[in-house]
Every structure is written in C-alpha cells, then in structure tokens.
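Pasting in a structure now, in structure tokens, and then I'll have a few things to ask.
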C-alpha cells in the first residue's frame, strides 16, 4: 500500500481522532495525569494554602518540619514540629504550596520551550527538505553541529551567559533542541514533496510558498504533534536539570529549584525526605504523562507502528 | 537569450524540437575528485514531434525509454537540457516560472497513481477548484462552486453535492482518477499530458475513466499527449503515435499504420510481444533477445543495434537519421535510410 | 483423477470490522499437464485461492470450509510438517514481483543451492550441478550462477525465480501474475519460457492473472472470479468465443486488442463490492445490466450448461 493511502486512512475528524485516542491506554493515563497538573497550575493561588515564598510561616512551622500526617506513625512528635501536608523547607516555607506553584514553571517552560523548538525545527525542516541542494546542505550541517555538541554543557554555558530567567531558559532549551525535530520533519518533507499532487500543483502554476503551506505542511503535521509532545517532556527535564544546577530563575519557584535548595541545605543528611520526594515525583509524573501522550499519538498517527499491532 | 516568437501553424498546439534531457548522477566526493565529467543519463536525447489541435498523440515505449520525462519537460516541470518547446506558437523553453504561470492555464497533467495524485488532506471541492484559485478565474465563491459542480457532473461523479465534500480516501480508485480528470479539464486547457492515466485501474473501471476523458476532450477540443506502455490501449485511444526507445523516437505516424504494419524492427518486436485476448490467435515469433540496456551507456550508432536481428556494420557506427516514408510515417532505421 | 481438486473453499480474513469473505465457496480442478487460468480483477480473491492451496495465508486469514485434494490427500487436514513436505517440492509458487525476493547479498546460485539442500537430502556439489542445469533450462548462462542479484535484470531475476520453483520437479506450479511488473517484450519472453517448460516437463500449472490476453495465450481452461466466487469456468476457447456470464462479457469487451477491428471500449458500471458486506443474491447484480428480482435474492449456483461450461447466473442463456 502506498504511503499516501496509509496517510489517508489516518485522517479523521477530530471526534474520530479523540475516540481512537481515548481507546489507547497510554493516552488516557497521560491525559489524566497531565490534567491534574494543569489544574494545579491554573488554580495555584486558590489551591495552595500558603504563599510558597512566605517565610513568615515560620511562626507556624519550624524549618524542616515533617508533614503533619507523620503523627499517625509516631505520636511522640510534638505538634509544633510538624507542618501541613508536605512539611516545610529550610526556611519553614510550605512545601505543598511550592509544589503547586512549581507546576506552573514546569508546564510553562515545557510548552514554551517545546513550541520554540518545534517551530524552529519545522520551519527549518520544511525549507531544507523542500528546496534541497545547497540550502539543505547548509541548514543540515548547522543542525549536525548543534547535535554533535554535548547538549547539557552547551545549555549550562548559554544559561550562564544569558543569566537566570524563565525567558532565557525557554530560549536555551528551544535553541538547543530544534535540530533533531528539523531532521525528522525534513525526511518526511522529502517523501511528501515527491508525491504527484505536489507536482500537479506546480503544473497548475502554484508558487513555492503555496505548495509548502497548503500541500506539504498539512501532511507533516502529525509528525509535528508527536514530536511536540515528546519534546515537552524533554524540556521539562532540562528545566529541572538546569534549575537543580542553580541556573534557574530564583524569583520563581520550580521543582528543579526545590531540589537545588534541598541539596544546598543538606536535606538528604537531615533525612528530610518530604523535601526531596514531592518535587522528584512530580517531575517524573509530568514527564511520564507527556511521554505517554506522545506514544499514543505516535501509535495513532504513525501508520507503521499501527500495522505492527 | 531572446524569446523567439514563432508564428504558428494554426493547427499545431505543440511543437517539440530536438528536446534533450540529461540527468547528472550525483557522485560521492571521492569519485568526483578522480573523474572530471560526472556520469549522465540521457533520458531524452533529441526528440522532435508536434501535436495538432484536438489530437490525441500517443507516446509509447517500455519503462525507461524517456516517455514520462518528455511529458514533464514539455510542461516545464523539469528543465530540459536543450531543445525547443513551442506551445501555442510561443517558445516556452526559456520562460521563467513566473512568466509561465499564465500559460499554465492552458496545459495540465493527469498522473498514473490515483492514490498519490490527490492531496489526502483536501476535500474534492478544493482539489478541483485549486487550478481556478491559482489562476484567479472566479470572482466569487458561488461561481467557483458552480464550476466545480458542473465539472463533477461531467465526469459522472453524481450527484455532485455528495462528492464535493469528500476526502480522497472516501473515493475508489476510479472515482479518484475522475477527480483528477475534472481537475485537469476545469480550466479548459489546450493541452493535457496524460501519463498512464488508467494503468493502475482495474480493467472494468478503466474504460469508464477513459471514456470520461475522451468526452471531455471532445467538449473542449483539448489536445492530449497520452503516455503509455500499453500498445493495445494506445491503439484505441490515440490518433497518432510515437514509439520511443532509449530516449529517442524511432518510429512515428498514424496509429493504425504503425501498429498494424510496423517497419522499425523494434516496433515489430514490441507489437508482436503484446498478448492478444483471443485464444485462436497464433503468436508471432519475437525476433529480439535481451532487455533494454542502461541509458547511462547507450550503445553507439543506432541504439537498438545490439538487439536488432537485421543489424549491419553501419548500425553500430552511424546513428540513423529520421526520414519520412511514403505512407507519411517517420522512421529512424538504416534499413530504410539506404546506408 | 485430477491432480488438484478445490471443493467449496472458503477463506476469510478477520479484520477489526468483521470478516472479509475473500474466497467464498470456490470449486475447480486441475488435471495433470493442464494449464489452468484463474482470472479476475484486484481484490477478487484469486491470490487468496493460491495461498490457501499452499496454506500460507497472511495473519488473520483462515480457511473456514472446504477441501483441497492434492494427489488424493486433503491438504487442509494435513499436519504442518506434512504440508511442508509438499510445499515447493510438489507444489511450487512464483509470485508477482518474486524477483525482488532474492537476497541481495548472496550469490544467486547459492540461494538456489540452499533451497535445494534444505528440502532434499543432496550434497552441495550435486545441488550446484542441478542449479547450473536449471539455469540452462530457463535460458541463463550457467556461469552466471556465481553473480549477485543486482547484476541481473528484472526479467533475468524472474527466470531465476522460475528456476528455483522448478528445482525439485514439482507437479504443480502456481504462477501468480508472473510477468505483470515486466515490460511487454520481457513479459512475452517469460510467458513463452513458462509454456515451453510446462510442455517439456508435463507440468500442471495454475496461472493467476488479471490480464485476459495472457490467459487466452497460455491456458487450456479458465475460471473467472468475481468478489470471491467463480462466475464462469470452462475451456479457454469457449469462454472467449461464447462468454455467458455478463461479467465475463463485460471484461472481454473492456479489453483492448492490438489486432482485429477497432472498437469503442465498453466498461462495466460501478465498482467491485466490499467483501465485508457483499451484496445479497448474485454478487454481480448491482453492476449487471440484466438484473431482476431473483438476482437480488437468490445466489446463483455454478451450473454446467453443456460441454463442461459452468456458469453462475440466473439468466438462461
């Protein structure tokens, strides 16, 4: 069967698409986890019991207080040494509130950085694949160079130069992760542009822009979606990594930064597990949710994977 | 180069003069350092013919003979290496794509594969209306819709309302090909290149699509270049035919003359090899052996000589020129040049 | 006693949307030394018939009912081990585009030798000698057995595949569109070769094709399939001279010929049915010009109308 026919089989109305998507176990789990975090991020001020940066809460909770429910297991701990659902940090701030606000940063950075990377990657992939020749050669060699340079050190250097702010982190992640997307998009463009409907459009007198946006882009979009989802997971991990190394934006609490401070104030030595586990698990869950969604999209949109089942 | 405006013979819509298309093979960096001249595939090598107004002109031959490349060169979908293409009295060989755009209204193409020729993400109405939109023919959406509906009716996709909003995957192979026919004819072009338009369809559907195409041709007086490997089909569709072998036309003329009394040894072999749907028919012996050699290193002299049962010394040395025989056919063979 | 008898064969494919009735009650037989043609358009089930005979159905395919009797034994009740002994040794098959099935990194001759030694208890030297003989038989210089597949042209590769199919002297050769992907001249050469070999070896052959002209040239008998059923089955000459079923007539009318009078090509309206939900009654009725109420309700049986000319149609011709 031709690629064309396979592609056509997967074009469905949104409703049909949703139906298939929600039949996919991974897809459902992914969306379920993600919606919890999105809810958290949107309604952070309403949900969180305290201001996450509020040191005044020292009055209520001492630094490094374990969560209140620990008393179920150990009744000997005095009431004023425990605090809230997740305890407090080195300054006695409420960790639960920090986790809730942290989801905002993770998701914003994830979406924005991935959007940047996918946007640049798609444009470059389209141009390189469609025009070919010397343009392709130059763009792809540039992409190769970025791919060869070890990612994390480059990002550390860039983040250090640009200074710590959310915007810079988004930029750094976006700039460093477009090449792999551009490569994937380019290879698909190479296939689509050889198809006869593209040649007909040319025979009818269409210009390059028209052909790229009307005929080629819609046929590479499924690939863009899949890559966007997986890239968000990647971006969130990188943000956490950079923040953990102390390159995050100190004005905004993020999960990575919580881990950074936990490490700085020797939470491990103090056995303050309530300080380490919540951000770690949150990062894991959000990343996992995007990977699940990406996997589900890939299975639905990528004919070869579907045939294998 | 200045554009040569040729005053046309009114009855010719297309004139192709000595058209050549060489493809340069891409080589690795190392080989390109050792050898200077990159290898060239002479896909089309000096082809001349003309197409009359309203005529169906067949371009036939085995795979790799250059028939598709010729068709694409004529429409300037690929750039010819040399030669001249005179379309409707105007030399279009060196026009820029921008200058060509208004002329594209008058020349269209139909492809072989109905699954690859329609954009899977566009609806039938948009697919058929695309040429209208690009050429900015319609003043309103209503006008455009009416034209699309009329076209759907003409290709017998009725009722048109039912087919307008379908996506290609909701159509059968034959229906898709009719959409392709509708799309090609909607601008009432003067010339259509039909590249094996039915060879991927089942027999029972094939003639339906062909008949739709022929009726459209009759309505608009369009000339068609019918590219095919199927000589039986060519016989039923075309008025004149050119037989190609390794980038050259070796015999050309009235379709019945050429196919019933072939003179060129290759045409003779080709027509003899066509199976006939009649169990009483005694098959003629095919005099030639072997397969078509590579166009990368075509034989010297007459390209057919290594396989030709009548080859003489001259055939390997001198390329036969094309001559006109008494019955009006053109032939390139030393059996008839007298050399 | 015929070499192969297919009785009421039903092969369905299971899909997400239900059963595709690819072959639905097919009967025919092949005598020794006979060339039997199975003709029909794409999706009519002709390849599925072939795959059912050698029991190599793709995933999802199941033989629901019927008998395939080969040399007095029912292939369908055989163990997998027994069928393996028959496959290729007794019944060989050449597929469409089989030439692309050659392994590109192994010498052509070695591929045939390997095939022979896995099926028969012979030494490598003997197998190599036989390979060279086979090459000669299919018209290739035996010294070329040492070449790799890419050094062969398409027609030559198809010859190699035929040689491989004939390596164990099979009784029945199934050829599924053996020359379809090839150019006319090469196609004619391959068909000629197959006819010659068939005569020389007194092979029984089953030729599957969509091209009626190839059937006309090659086969003694022909069955026309439509939507999983045989609609007409007779001697080749009879079918072409006196076609009875409207579908057969339609097909013959739709076929252009390079010889004989030039005529307008007539098509069959409509498209072949979806075999998930085939039409009731006669499966051809939605496209048939002579349809009446009976055709819509009752399925016609394949009846002998004289001289072993079988037709499945309600019209009394």
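Letters A, B and C mark the chains as written, and numbering starts fresh at 1 in each.
FYI, a residue touches a chain if its C-beta (ideal position, glycine included) is under 8 Å from a C-beta of that chain, and two chains touch if they have at least 3 such contacts.
What you are looking at is a predicted structure, and each value in this text was computed from that prediction instead of being measured.
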### Task
Answer with line, ring, star, complete or other to describe the graph linking chains that touch.
line
### Query
For subunit C, which other chain has the most distant CA centre?
A
### Task
Based on C-beta pairs in contact, work out which chain pair has the most and send it over.
B-C
### Summary
Distance between the CA centroids of subunit A and subunit B (whole Å) is 51
### Message
Suppose each chain is reduced to the average of its Cα coordinates; what separation in Å results between subunit A and subunit C?
### Response
55
### Query
Per the centroid of Cα atoms for each chain, what is the distance between subunit B and subunit C, given in Å?
33
### Message
At least two partner chains per residue is the criterion; list those residues in subunit B.
### Response
none
### Parts of subunit C lying in touch with subunit B, wherever the complex brings them together
41-42, 153-156, 183-189, 191-192, 210-214, 216-217, 236-237, 240-241, 250-252, 254-260, 262-269, 271-272
### Message
Under the stated contact criterion, what part of subunit B meets subunit C in this complex?
### Response
62-63, 172, 174-175, 202-208, 210-211, 229-233, 235-236, 256, 259-260, 269-281, 283, 286, 288, 291-292
### Message
With touch defined as at the start, can you tell me which subunit A residues reach subunit B in the complex?
### Response
2, 4-5, 7-9, 11, 195-197, 199-206, 210, 215, 218-219
### subunit A-facing residues of subunit B, complex
72, 75, 77, 100-102, 104-105, 107-109, 111-113, 115-121, 127, 130-131, 134-135, 167-169, 180, 183
